[in-house]
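Next come two complexes built around chain A: one with chain B, the other with chain C.
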Partner chain A sequence: MGATAAVMRGTPAHELERAATPLLSIEDLWVAIPRYKLESQQVLRRIDLEMAPGEVLGLVGESGSGKTMLARSIMRLIPASGWIERGRIRFGGQDLAALNEEELRKLRGRDIAMIISNPRGELDPLQTVGQQIGNILRYHMRMDRTAIRARVLDLLRQVSIPDPERRLNAYPHELSGGMAQRVVMAIALACSPKFIISDDATSGLDVTVQAQVLELMRKLVVERGTSLLFITRDIGITAHFCDRVAVIYAGEIVELAARDEFFENPQHPYTLLLLAAFSHNERLRRYWLGEDETRKEMGPSPTGCPFANRCVRVQPRCRSEHPSLRELASRHFVRCHFPVER
Partner chain B sequence: MALLAYIGRRLLFVGPQLVGILLVSFFLVKLIPGDPAVLMLGPFATPDALARLRTELGLDGTLIEQFLIYLWNVLQGDLGTSWQTTLPVTIDLAQRFPATLELVTLGLLLALLIGIPLGVAGAFFKRGLLRKAADYYGLLAGALPDFWLALVLIFVFYTMLGIAPAPLGRIDFAILPPEPVTGALLIDSLIAGNWAAFWNAAGHLVLPVVTLGLINAGPILKMTQSTMERMLEADFSRYAEMCGLPRHVVLRKALRNSLPSIVTIVSVLYGFLIGGAVLVEIVFSWGGAGQYAVQGVLNADLNPVLGFVLYSAVLSLVIYLIVDLIYFAIDPRTR
Partner chain C sequence: MPILSVSDLVQQFPIAGSKAVVRAVNGVSFELEQGETLALVGESGSGKTTIGRCVLGLIRPTAGAIVYRGHEMGGRRSVRSAELRGKLQLVFQEPAESLNPRLRLFELIDEPLRALQVNRAERERRVRAAARRGGLAESLLELYPAEISMGLQQRVGIARAMISEPEIVVLDEPTSALDPTARAEIIDLLIQIQRDLGTAYVFISHDLSAVRHISHRVAVLYLGMIVEQGPSATLFAQPSHPYSVGLLSSVLLPNPKLKRETQIRLEGEIPSPIDLPKACYLAGRCPLVQARCRERMPAVESVEPGHMVRCYRHREVARQEQAVDYFARFQEEAERILGAGMPPREKRPAIQ
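Coming up: the complex of A and B.
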């Protein structure tokens, strides 16, 4: 993993640190969703996150860990009638809680764009590709018809869609998965947003197509200096083009570090579990993943460290005391009482 | 041109479908007890006269023979005569079918005007007064019998307030109806430029149309509301919200995606109301096709019944064809 990590570079991490104001800053965010006849459930806890302009942050977690919740909380479109219990999200220095619904709407799609997975299901089946990209331009940028057409063609070319003139009139069901993914990227890029969230965007694609789409996404983001929050279940992908990597487990960020540091010196047991899953080293795999399937069934532990039930290195303290996010090395944060030492 | 081929293929099946419908309804109608000969000649007829009349009416052969003769006549455009009106069924229906169509079409249009906006609003505002009103209205419209509502409307607007015309047909006896072209009084009087007839016919239409509209808005409202709710929660609506499209655009997308279901329920209602409006027709002495068919059933007058079945079957098939064409127009996935 460490070897792959050294291959590609976006913006060097030390330059990012110098950036004065973060583009996005999340402070102590708690999000809850209601449960039928039960107490509401906190699906995000103690989220602290900052993103600099132009930074690419990979957010890794398994399904149900709160990745999508976090993405949608930033958008203020929390699924399952969830709500923000506490904490603050600032975007471009502005507190998002202070905005009314109409101001938020104008922000969505224009300043903060979302790239989603399963794009064929998310595009309107009754509108052509051209109309759907055009809609964004029409309602956010107030462009006129001819300008929209030119811009849509331009966008389709930028996301490397062959024969854009013809694709303009195609309906979503006529597109392949990779093409639909590119259309969604074109929609996200339409208003040149400052911040893009990619929510598990490439998970439904064939591996070869996935590689193409990822490469394209990286190119477009780096070229424009857009910030990207890249949410994925696949920790391997983050090694390719993220400046920093965060791991989220059961609604909490458990490890956060610059990419090279993250892959060379991973310290949280969950991170090691994820990495071991990709490893060729049989002994390593047996140690970290041995009985994970059975331990996973126990779910997050209610008190103490949420990972305690699944952790192979669990100690009595882990079950009683909740670990805080500690900065162990420079800008390397780990939420564990007993981080893994090299 | 795929479209023309499709229509052609559909039309190919119309013939066999109609024969099948006629076959079933012929035998069903024959199951109804009652001898037209006895009814026609009255209680003092001699057995001789009855037998002669039965031979004349073609009632002495086997059922299969009778059906084949009927079918042969139908193929030549002869639907037989009604012994009650003593007129050919084709002439009777030419008067009555348009009367029913005019009533049902306008009634459904009104139902759409009520049902769709209320349904959309109910789906959009999930809580609040409007949603409550829509829910209660749907319940009420489903529970009220149409003939009862018709009687109440007549009592209020004719008997008490005196602003509606008497429920005695489609136009006042004192007014000369326009030359029949389409059979629909509104259209015919417009063609003839006869404004007196137009306004009079329109006045007569108000109460029965309002009755049908209010009652049938119920199912349209329910269908619109549930489909719209589903569409507003669908992935594409959520995505449209994430893209920051204005509310009204999201709503319009959802409505467009709901249209196929709404078109379906309207087409089903239309086919049903051709016969199903009969109670309203009777209350308003409309002289429509449903009323004609029911009179036929009650008096063992079979030709009107079969003629009505045939006409409604053709109309239903046409409606379903049109509906499929509308699907084509709305939804690119069906093309």
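Coming up: the complex of A and C.
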């Protein structure tokens, strides 16, 4: 096993609870985007989320569930046509909604950084690795050239890029996918941000490389006490990588719990659906997924629970009354009228 | 008697304007029995897809032989030739990109039969039967691919591959573009079809959960070479090649307790297939590397009948690895955790 395996297993829950003041707190966030000739669509609703310093929170959801929207709302980078309907995002005591564009620009990259998937698409093909990491240092830290060079080399070493001196002058096309992802990580880490959002950042990598990148990410987060919001479609990653896990469905958080509790005692039928999808057990899948393909097309229920139309355990109340996010066990939140009991 | 046998397959691609070649496949041998699933697993650049294309005769191998029922594939004999048309089929990774967006689902499934010159009434009947087998409702057949979900699109891809009643289907990452919820469904569908029709599959994937479930045998590929090959149950429980161990320990099953813990950690990344290591291809990444690994390529050794490995130190690897099939364990755990919220199983009268 060794030290790295221990790193993968995560920070014990009791240590997290000690950190009382949250680094990030989102209260009742609603985000809408307009639709052509239709009523605007609320892509995020009732989002309540707190993150402690040094915490790794996994956010799991299918495509279209609002994961990326949430990340972009925190960065205040929602598409120009979209808007925050209501709610508050506080970061380190500061209300992000109150900041102007100039103040946001200072915050992004310095205090909050984001790592997205498709690393090669994110890097500028015409600039070397050294220039791209250097840019952010020059802008935020006002470093001079020698200091930048030293810091860039240091960052490349931290993200385990072999032969950093040579890589400094490499262009993105000369890098493999795993290397490009490490460079993107180095850019994110450059200003030692307090908060990092990783949006599906490892999904394009091969499994053995993904394992290395995750381990590295975890190590850097633990060492620096950075908080990490880890957005993914792969619930499997969260089981081995995150301290807490949240599931998002149709723009709402439907379940949130500490990692071990979450996987030992999942209670929202959608969480069970996601887990059942991995089980190659027909009986379990037939029950939890049912005829999911057909029911998925029906979309969320407009009045009641957003999951009602896909839920195998749906009851009349689910279609009429919207469930609130209730704390069913200690720090285990579930948005369901009829949570799964065992 | 295997229906397909591949021996010492080598595939190299020239690089324009250079004397160097991409060594995509470097001496691969395997056999496929009727009604069996052989999985080819490995990371990108391991040659999985190239092998699949060679099997279909879409590219002529640089060296080696692919024999399907006594016919040597490649060149003029391919899936395109009249005598083999429809006998070997392919299911693609990206369902949306592999379906003509301007054809309705009915026409898409019908296409292979047109190539086989089946008459109209017969085609109509077979398309409906294939759609039913693929789990596509009759009402969907008038739609266009863009109007249905990716999971359904892949069912169309499968239905149209199966409609000519092929003997071998090459499944090239059929689930990797899909949402996790659609993946297991597609795997189950493929298993069901195999049970009904006795089709043999070459299942190319890096989704090891799916591989464990669908395949009878697994071949682990690294840089165009099979490093380990054996029955799935054995190989997943007791991998003998360091690369197999590395691959299996990288799998993150959705249960925090289930992960293969190992001393064998692969470093770095897969080298370029243009500039291959001289001896064992894994030497540069393997923690168990010795001088001989860098000097001479290890030979294929048999661990037990049907289980082959290409590593000098495979006995040590097997000894120090726990013999646990985490995928099977996960299924048990899933039964316990997910079964709890389910209504009690209906009691069936015991069959004597």
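To be clear about the criterion, the second predicted complex is superposed on the first by the 328 of 342 C-alpha atoms of A that agree within 3 Å, B and C clash if a C-alpha of one lies under 4 Å from a C-alpha of the other, contacts with A are read in each partner's own complex, and residues count from 1 in each chain.
Quick note on the criterion: a contact is a pair of C-beta atoms (placed from the backbone, for glycine too) under 8 Å apart; a residue touches a chain by one contact, two chains touch by 3 or more.
Please read all numbers here as calculations on a predicted model, not as lab measurements.
Partners chain B and chain C, once the complexes are superposed on chain A, both fit on it without clashing. Within the superposed three-chain model, A:S279 lies in touch with chain C and out of touch with chain B [touch as defined at top].
Once the two structures are overlaid on chain A, chain A sits at the apex of an angle of 80° toward chain B and chain C, using CA centres and rounding to a multiple of 10.
Shared-chain residue A:E122: touches chain B; no touch with chain C.
By the touch criterion stated above, A:V183 is placed in contact with neither chain B nor chain C. Judged by the touch definition given at the top, the superposed model places A:M75 against chain B, while chain C stays out of reach. Of the two partner chains, chain B is the only one touched by A:Y139; chain C is not. Of the two partner chains, chain B is the only one that A:G109 touches; chain C does not reach it.
When the two complexes are superposed, the chain touching more residues of chain A, out of chain B and chain C, is C. Once both structures are overlaid on their shared chain A, chain B and chain C have a minimum Cα-Cα separation of 11 Å.
In the three-chain superposition model, chain A touches chain B and chain C at no common residue. Contact residues of chain C toward chain A in the complex are 43-44, 137, 149, 151-152, 179-185, 187-188, 206, 208-210, 212-213, 246-247, 249-256, 259, 261, 263, 265-266, 268-270, 330-331, 334-335, 337-342, 345. Across the complex, chain A meets chain B through its residues 75, 77, 105-110, 113-114, 116, 118, 121-127, 135-136, 139-140, 171, 173, 187. If you check the complex, the residues on chain B that touch chain A are 235-236, 238-247, 249, 253, 256-257, 330-333. The part of chain A that touches chain C in the complex is made up of residues 1-2, 4-5, 9, 62-63, 162, 176, 178-179, 206-211, 233-241, 259-260, 263-266, 269, 272-285, 287-289, 292-294, 296-297, 340-342.
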